[in-house]
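Per-chain numbering from 1; labels A, B, C, D and E assigned in written order.
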Amino acid sequence: MVPVGWYMALAAALFLIGALGVLLRRNALVMFMCIELMLNAVNLTLISAGRAMNDLNGQVAVFFILVVAAAEVVVGLAIIVAIFRRRATASVDELSELRG
Amino acid sequence: MITPPEISWIAVAPDLAMAIGAALVLLVDVQWKPAPRVHGWVVGATLAVAGGLTVLQWAEAADALAAGDTESLVAFSGLITMDGFAIFSRVVLIAATALGLAAGWRFVVSLGRRGAEAIALVLLATTGFSLMVASNNLIMLFLGLEVGSIALYVLAGLARERRESEEAAIKYFLLGSFASAVFVYGVALIYAGTGQFGILGIRQLLDDFIISSPAVIYIGIGLVVAGLGFKVSAAPFHTWAPDVYQGAPAGLVGYMAAVAKVAGFAAITRILLTAFSDLSDTWLPVVAAISVLSMVLGSVLALVQGDVRRLLAYSGVAHAGFIMTGVVGGATDGVLFYLAIYAIQLVGAFAVVAVVSGPDGAGSSLDEYRGLGRRSPLLAGAFTILLLGMGGLPITSGFVAKFGVFTDAWAQGYQWLVIVAVIASVVAFAFYIRVIVVMYMDDAGEETPLRVGPERWVLALAVGATILWGIFPSSLLNLAADALPI
Amino acid sequence: MADLLWLVIALPLAGALFLHFVGRYVKEPISGWLASAAIGGAFVIAAIAAVPFIQGGAEPRTIPLWEWMPAIGGSFELLWDPLAALMALVVTGVGTLIHVFAIGYMHGDERFHRFFTNLNLFAASMLTLVLAGNYAMLFLGWELVGLCSYLLIGFWYTRPTATAAAKKAFIVNRIGDFGFMIGLMLVFAVFGTLSFAGVFERAGEELTGGMATAIGLLLLVGAAGKSAQIPLYVWLPDAMEGPTPVSALIHAATMVTAGVYVIARSAPIYEFTPFASTVVATVGALTAIWAASIALAQRDVKKVLAYSTISQLGFMFLAVGARAYIAGVFHLMTHAFFKALLFLGAGSVIHAMSDEQDMHRMGGLRRKMPVTATTMAVGALALAGIPPLAGFWSKDEILAADFARGGWFYFLWIIGLITALLTAFYIARLWVLVFMGEPRWDEEAHPHEAPRVMTLPLIALAILSIVGGLVNTPFRLGLEHFLEPSFEGVQVQEAPTDWLTLAVLAGLSTLAALAGAGAGILAYNRPRERWRRFEESFDPLWGTWEQAYGVDDLYGRTLVLPGRRLAEVTAFSVDSKVVDGAVNGVGRMVRNAGDWARPLQTGFVRNYGVLFLAGALVVVVWLVAGA
Amino acid sequence: MLTALVLLPVAAAIVVMLIPTRRREIHLPLGIALSVMPLALAGYLFSVFEPAAGFQYVDQVTWYEPWGIDWYLGVDGISLPMVVLTTLLVPIALAASTTITSRTKEFVIYTLLLEAGMIGAFLALDLFLFFVFFEAMLIPMYFIIGIWGTERRVYAAVKFFIYTAFGSALMLAAIIGLALTYASQEGSPSFALSDLAGLDLSVGSERWFFAAFAIAFAIKVPLFPFHTWLPDAHVEAPTAGSVLLAAVLLKLGTYGLLRFNLALFPEASVDAIPIMAILAVIGIIYGAVVAIVQPDLKKLVAYSSVSHLGFIVLGTFALTSGGLQGAVIQNVNHGLTTGALFLLVGMIYDRRHTKKIADFGGLQKTVPLLAGFFLFMTFASIGLPGLNGFVGEFLVLIGSYPALPSFTVIAAFGVVLAAVYLLWAYERVFTGVPDKEENSVLSDLSVREIALLVPIALLIIVIGLYPKLLLDKITPSTEAVLDNIVEQTDFVVPYPGRMADVYVADEG
Amino acid sequence: MVETILFVIAALATLAGAVTVVLARNPIYSAVGLLGTLFSVAILYVVQLAHLVAAVQVIVYAGAVMTLFLFVIMLIGVDKEETRVEPLPRQRLWVGGLAGVVILFAAGVALFGDFVWVPAAATAVDQDATNGTIQAVAEPLFTDWVLAFEATALLLTIAAAGAVVLAQFKRKRA
């Protein structure tokens, strides 16, 4: 029986990788994928913790996060596409006219 | 066998109304493609109904409290509450929405066919935030937050003719969802630490037990604070605000900024003061630090801005800091009053920006305001009063608000914080004054008076609120004092 | 009658106000006559009010008018006693004559009425000074006469020299007043009141020697300013820029004697401080000889008289310093007569010579203007102290008193004697240079005798200068008895009583006077080049005297210029750079902080992300560490 | 009544606001006419004022219960003269502003609002309320300087605003602290002066609070070294602005020190005597010295204010009857004299459009009346006995000596310097021959301008000769302040600092 | 025992996928990496008896969402490779620093603070309690969480409306 800590640690690692990914990649799409990684880490955490506490709510919560993720994807991709249409690029580094 | 849940309609009535309103707008639009005016009526009606329902809620809540049973205020098996705190915040949100839509109406019209969607999105966003401020459950809160935020991401990108608008949208979106992820991870960790999503539940737990090794909870709190700090644009989580305020459609920025701040702070206040008040010794200094950083960074940066929208954004950062002092003060009424006042003033201020820089909000550099005092005196006058109100000059409500939160903070023993705050507010004066200087003391470049549309009503109300609640604050202050979280 | 005393002040004041507001509508001579009438009326009232004292036996009385500054015991009240009466009579009497004279002198000036406005105002102020019942009110008069002197010296405001002189006079006086004020502070701090009655009543119990000395010296500073004593005399010579009647009235007869009056008035305080008194006397003696020596070599007729005035004031200080208050006041009176006479005479000469003041360009005027010449001769003799004229009696009494005082005062007595000699010399020189010898003025200036309105006052003053001394002679000490009530309980230094000493002393001073006068006549009643050579034979001493020892530019170099420098440095370096610089510096600092923090907002999403995450991390770590 | 007094100007402002902008010719006259009403009311107040009765005509309305803030007005002998002065000078200032042609309406409105603020600040007995007025009046003044000022007006206006706001910010913190201390002792917070005066504070906190208040007021006065905003503000401000600024706004500083610092923090006040005295004396001498060499007439007068207000502070912190009375009455005097001087400078400026002393010379020939008035005010300012300035200075000096001998002696030298800088300035501007062409063609004072100056001149003489008029009203209040300090602390007023010590000889 | 093995494999797969997402230069590979992660996470769900969630994960995420991603990738060009060079100055330095801090912090917490991931963990895991069958999950979902469930409707509406608004694009100034 695997101690819950392992799951949690794994999730944490996943979250960290995702977060670093967001900071390291300049392709909006990939950044966005990294955010999905982070959300997955959250889900894993919820489920593992819930299981450790014999509490089903963790799993229920995951549903909502999934929905949120889905909604974000729709909107996010729409924005990315819109930008791509105009500028033919998905690199966020080129979107830095607003500053200071 | 599943027992059907008991539904408390009254608890969600306003939100329901707004959701229905949004749906109505979309359907009507698809069906009849009516003139924008019609949408206007629908929205107006919706918000009016929603507002009316909040009054019902208030009465309900008052009775319940009088009867002494707070249970009945918690609805949907603890997902949301109907306490004064929620209702007050919700009213502020609805008001901000009404004003914000009026301010952005010309922009909405300029969107043509897409206008309906815009309106619907606004309504839905408000619904989401209004659920957020009412939620008594972190996941519910997260949902509300996302409903609101995602809608805002879209709104930010609505001024499609302007490149900045897209940039604003993508920045807002990426950073926003990044922050949301952080926030929800925090929620997850809190859940891991307490086994609870319910705010009251957590409160109970912490009241009853001492958690042996609460580190995970603190990490959770930290991430939650960071996530919400992003929404209220508190330093150092503020970086998105200037860019987004500048890029997003001028007409709607006021609305976007206001509702995000209100909801965000309502959430922070509820989480920190209700759920984790037992751990306040630990988080108070951190929040104080955030507050100081926000005040200082915001004021100092606003001082050197050449663009009014960025200036207002940074001033918003500073205001986040001021409101944080209220959170440190630990009294919800101070925070609520400040939020109400600030929301109205913010929407008003951006209404002016919308007028000056046109529907889709092209430019908003200080030069465009040169000689506004001559060009359209009333507009300039209103802007002046609003700016001074934000600055917190006496006889404006802004002063009362600041005074309230400072007093609370001092009473909490955070004198040094208050002193920093008052000095920061002097710096704040400095940059509000700059705008006034440009408007009145530089000779006019453009002479033709500006066309003021529905914004005039927004301004009338905002100015009225600023002055009247500045001189007779007790009416609102009493409400805020009654609007306690359970 | 004393209840109507306020009229003495009110009349000239009313005259001043009337002339100030409606004067410009009154034809020229009339305004002058009105002014004269006002002050003349004051004289009449004062005279009537003084009768009881002359009869003797009348007590001094205080006439309260109204409250002023109760917290410091300052109120409007008059003190009517022989001293005040005498001063009032001198001021109004001489004043009237000078007013009349001025009608002629100021003839044709476009600001004729304004002149008499100020003259009347001065009279009112001076009377306030002498009638004041407490130090506060005295100070009021004290400053107001200063104001009038300022206005009248600078009467011809288009002359830069005149306005400069006026300013100088006021400021130098202010410096004196600075000391005077501090004196008043001490008085109040000691006695808890400023009223003469109160002070003198309590002098006995409240006053310690040290405090008395302090007060005495501080009052002396004030007096020295007003009465042009060393080191504050420098303003008086310049004050001659004013119209001559002004010089006569203010800078000879009345205002400048205020210092003497104050010290006499404060006798009950000096009573307790022999030291301060001695200082007063010494300052007086030194001033006397110092100014006399300068007077020797002046070419400007008014300058001679000015320095002579300073010197004579020195005599008065010498007197009051030696506690010979009555002698001092006596000399004050006689000096008022003959010095006014001399000034007016000089005035009429200048008038005749169409504003020529240089004696080197005069001479031989006695034929052209006999009345002036004779009257001035009388004045000169009186000043020189030739018996039996007024000057002789008063000066002789002073010297006698000093001699009688003995000790250090022997030394001062000798100085006095020498001064008497010098005085006789320079006044003789003046008279001879102006009236004797061959004319040294060019043809187009054809001098003429002054009109009646000017000569009559001259004659009147001449008479006073002759008989004025008789009010107080060793044979009949009229003035002494008259003034006694004012100096009750104060020990007054008498002249020696045995006739031999008196005779010897009188003889000595007469001798000195005669010697001086003789020398002067001999030296100057000769062709020009002769006396020029005579003067040159004294060089460089003569030059030094002519330059008045160069005190003015000494002050200029040591005080005025450094002051300017200091002010400039403070204003343009310290204030604008340092103090204000600090203020603006703070502002700039904040802005710079903004500019410095701006790059934080790079515009790159991923930088924002880093910042966000870093922030979150800090929060988390802090929370966990804090727990 | 007091409420009416505060609200009248506001009402007037609203009336003016309602007049359409294009009727530009009536705004100013109307404003003047309306601003006479407060004057009348103040005059009535002055006549019915009961010296012995302490605070009177008190209006107290609860503002917001939980915070313990009230609309709490009251007048006593210290505030009464200031209120009258304010109401008197506003019409004059307005009437002196006929040269303001652009945006007259706004100008009138701002001036009236400013008046309301000033009156309110003088009458407020609730610290919150006081702060509201104290801060709120910055804005109209800010606009007056910033819109109708001269070249560097914006810089001056902003500097004025920020600097003063900074000071009051600290005061706000202190006010909050006080109220909460009260709450911790009495249960519920209060901002009423009367309540807070009775508060027993720890020495430390009392000193902090004192410092906060003192800095706020020191900036307003302004005391050295917080004075540098003043010259700029004065030089740039339009005539009316300078007049009101010098005559009334600065007085809020001295008034505040007297009304609040002494009443609220007796202990700290007594401890702070040396510091305040030093600052005051430095101000006196420093201001005078700097004034001597100022090339700009207005700047010169501004620095003279720095010098004169030093006397007031000195008198205040001498804590003697004479000193306090002198301080209060000098508040009025300086208001009248300097106000008048600024009026005159303004009139000169209207004629010559320069304030540089070097540009003038010989004006007395061309504008004798103006010169006459200027000389009169000059001497009033120098402190010539018989005019008001003397009464104040003399009371302060003589009165302060028993308490602060050495300081007073130094301060007395300021009197000499005053003569130096003012007379020198007069000499350079008015005397001599008008050599410059443009100086020889000026028109003398108009009837209107004379009408502005005469009432001030009359008051100057009346106060100078019969100060009883004011002192009778003032004295009981100042004595009360003194008594309070003596009760609360172990401070002893040195002989003969009290009225009672004054010795009255039995005179025949 | 079985669980342990599964956990190790799945965990490694998860991390591998995640790292791929971050490091792959071509978005396609990132997408594939993400796919891997999603699947392996789903496995971990199953291991923890969260059957329904796992199913949804595979269907919604790996199915719908990933498809969407791939569409967009195709749309904006597969060949858009990202160079390894970091254009932003000091960005990597910062990120590295952050990572370092996090790890240090984690280490610190692990060593010194007696760090417990789930303080409220039950002593004995009751398999039935968290046996995430459809039935089991549905009950709370439609009773206690019904409001949240309804709220998701809002989300989807927004997503739809938002997508529509952003999609339609009339070229004013290109």
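What we mean here is this: contacts are C-beta pairs under 8 Å (C-beta built on N, C-alpha and C of every residue); 3 or more make two chains touch, one makes a residue touch a chain.
Since the structure is predicted, the reported quantities are computational estimates derived from the model, not experimental observations.
A.B. asks: Which chains lie in contact with each of subunit A and subunit C?
C.D. replies: Chains in contact with subunit A as well as subunit C: B, E.
A.B. asks: Any chance you could name the chains that touch subunit A and subunit B both?
C.D. replies: C, E
A.B. asks: Identify the chain pair with more contacting C-beta pairs: C-D or B-C.
C.D. replies: Between the two chain pairs, C-D has more contacting C-beta pairs.
A.B. asks: Which chain would you call central, comparing Cα centres to the global Cα centre?
C.D. replies: When every chain is reduced to its C-alpha mean, the one closest to the whole-protein mean is D.
A.B. asks: Select the chain at the greatest separation from subunit D, using centres from the mean of Cα atoms.
C.D. replies: For subunit D, the chain whose C-alpha mean is farthest off is E.
A.B. asks: How many angstrom lie between the CA centroids of subunit B and subunit D, rounded to a whole number?
C.D. replies: The mean C-alpha positions of subunit B and subunit D differ by 44 Å.
A.B. asks: Hey, how far is the Cα centre of subunit C from the one of subunit E, in Å?
C.D. replies: 102
A.B. asks: Between subunit B and subunit E, what is the separation of their C-alpha centroids in Å?
C.D. replies: Their C-alpha centroids are separated by 30 Å.
A.B. asks: Measuring from the mean C-alpha position of subunit A to the mean C-alpha position of subunit D, what distance in angstrom results?
C.D. replies: Centre separation, subunit A to subunit D: 65 Å.
A.B. asks: Could you say which residues in subunit B touch two or more other chains, in rising order?
C.D. replies: 139, 143, 146, 150, 153-154, 157, 160, 169-171, 174, 178, 182, 192, 195, 214-215, 242-243, 430 - these are the residues of subunit B that touch more than one other chain.
A.B. asks: On subunit A, where are the residues touching two or more other chains?
C.D. replies: Expected reply: 8, 18-19, 22-24, 26, 31, 49-50, 52-53, 55, 57-58, 64, 68, 71, 75, 78-80, 82, 86, 92-93, 95-100.
A.B. asks: Show the residues in subunit C shared as contacts by 2 or more other chains, in ascending order.
C.D. replies: Residue numbers touching two or more other chains: 587, 598, 601-607, 609-610, 613-614, 620-621, 624.
A.B. asks: Determine which chains touch and list them pairwise.
C.D. replies: A-B, A-C, A-E, B-C, B-D, B-E, C-D, C-E
A.B. asks: Given the complex with subunit E, which residues does subunit B contribute to the contact?
C.D. replies: 2-5, 7, 12, 19, 22-23, 26, 75-80, 113-114, 117-118, 120-121, 124-125, 127-128, 131, 137, 139-140, 143-144, 146-147, 150-151, 153-154, 157-158, 160-161, 169, 192-195, 211-217
A.B. asks: Which bits of subunit C are touching subunit D when the two form their complex?
C.D. replies: For subunit C paired with subunit D, touching residues are 59, 61-62, 64, 66-74, 76-77, 136, 139-140, 142-144, 147, 150, 154, 157-158, 160, 163-164, 167, 170-171, 174-175, 177-178, 181-182, 184-186, 188-189, 191-195, 197-198, 201-202, 563-564, 566-568, 570-572, 575, 579-580, 582-583, 587.
A.B. asks: Given the complex with subunit A, which residues does subunit E contribute to the contact?
C.D. replies: Residue list for subunit E touching subunit A: 3-4, 7, 11, 14-15, 18-19, 21-22, 24, 27, 30-31, 34, 37-38, 41, 44-45, 47-50, 52-53, 56-57, 60-61, 64-65, 68-69, 72-73, 75-76, 80, 82, 86-88, 91-92, 94-95, 98-99, 102, 106, 116-118, 120-122, 125-126, 129-130, 132, 136-137, 140-141, 144-145, 148-149, 152, 155-156, 158-160, 162-163, 166-167, 169, 174.
A.B. asks: Which residues of subunit A touch subunit B in their complex?
C.D. replies: 8, 15, 18-19, 22, 28, 31-32, 35, 38-39, 41-42, 45-46, 49-50, 52-53, 55, 57-58, 61, 64-65, 68, 71-72, 75-76, 78-80, 82-83, 86-87, 92, 95-100
A.B. asks: Which residues, counting only subunit E, touch subunit C once they are in their complex?
C.D. replies: Answer in residue numbers: 88, 91, 94-95, 98, 101-102, 105, 109, 113.
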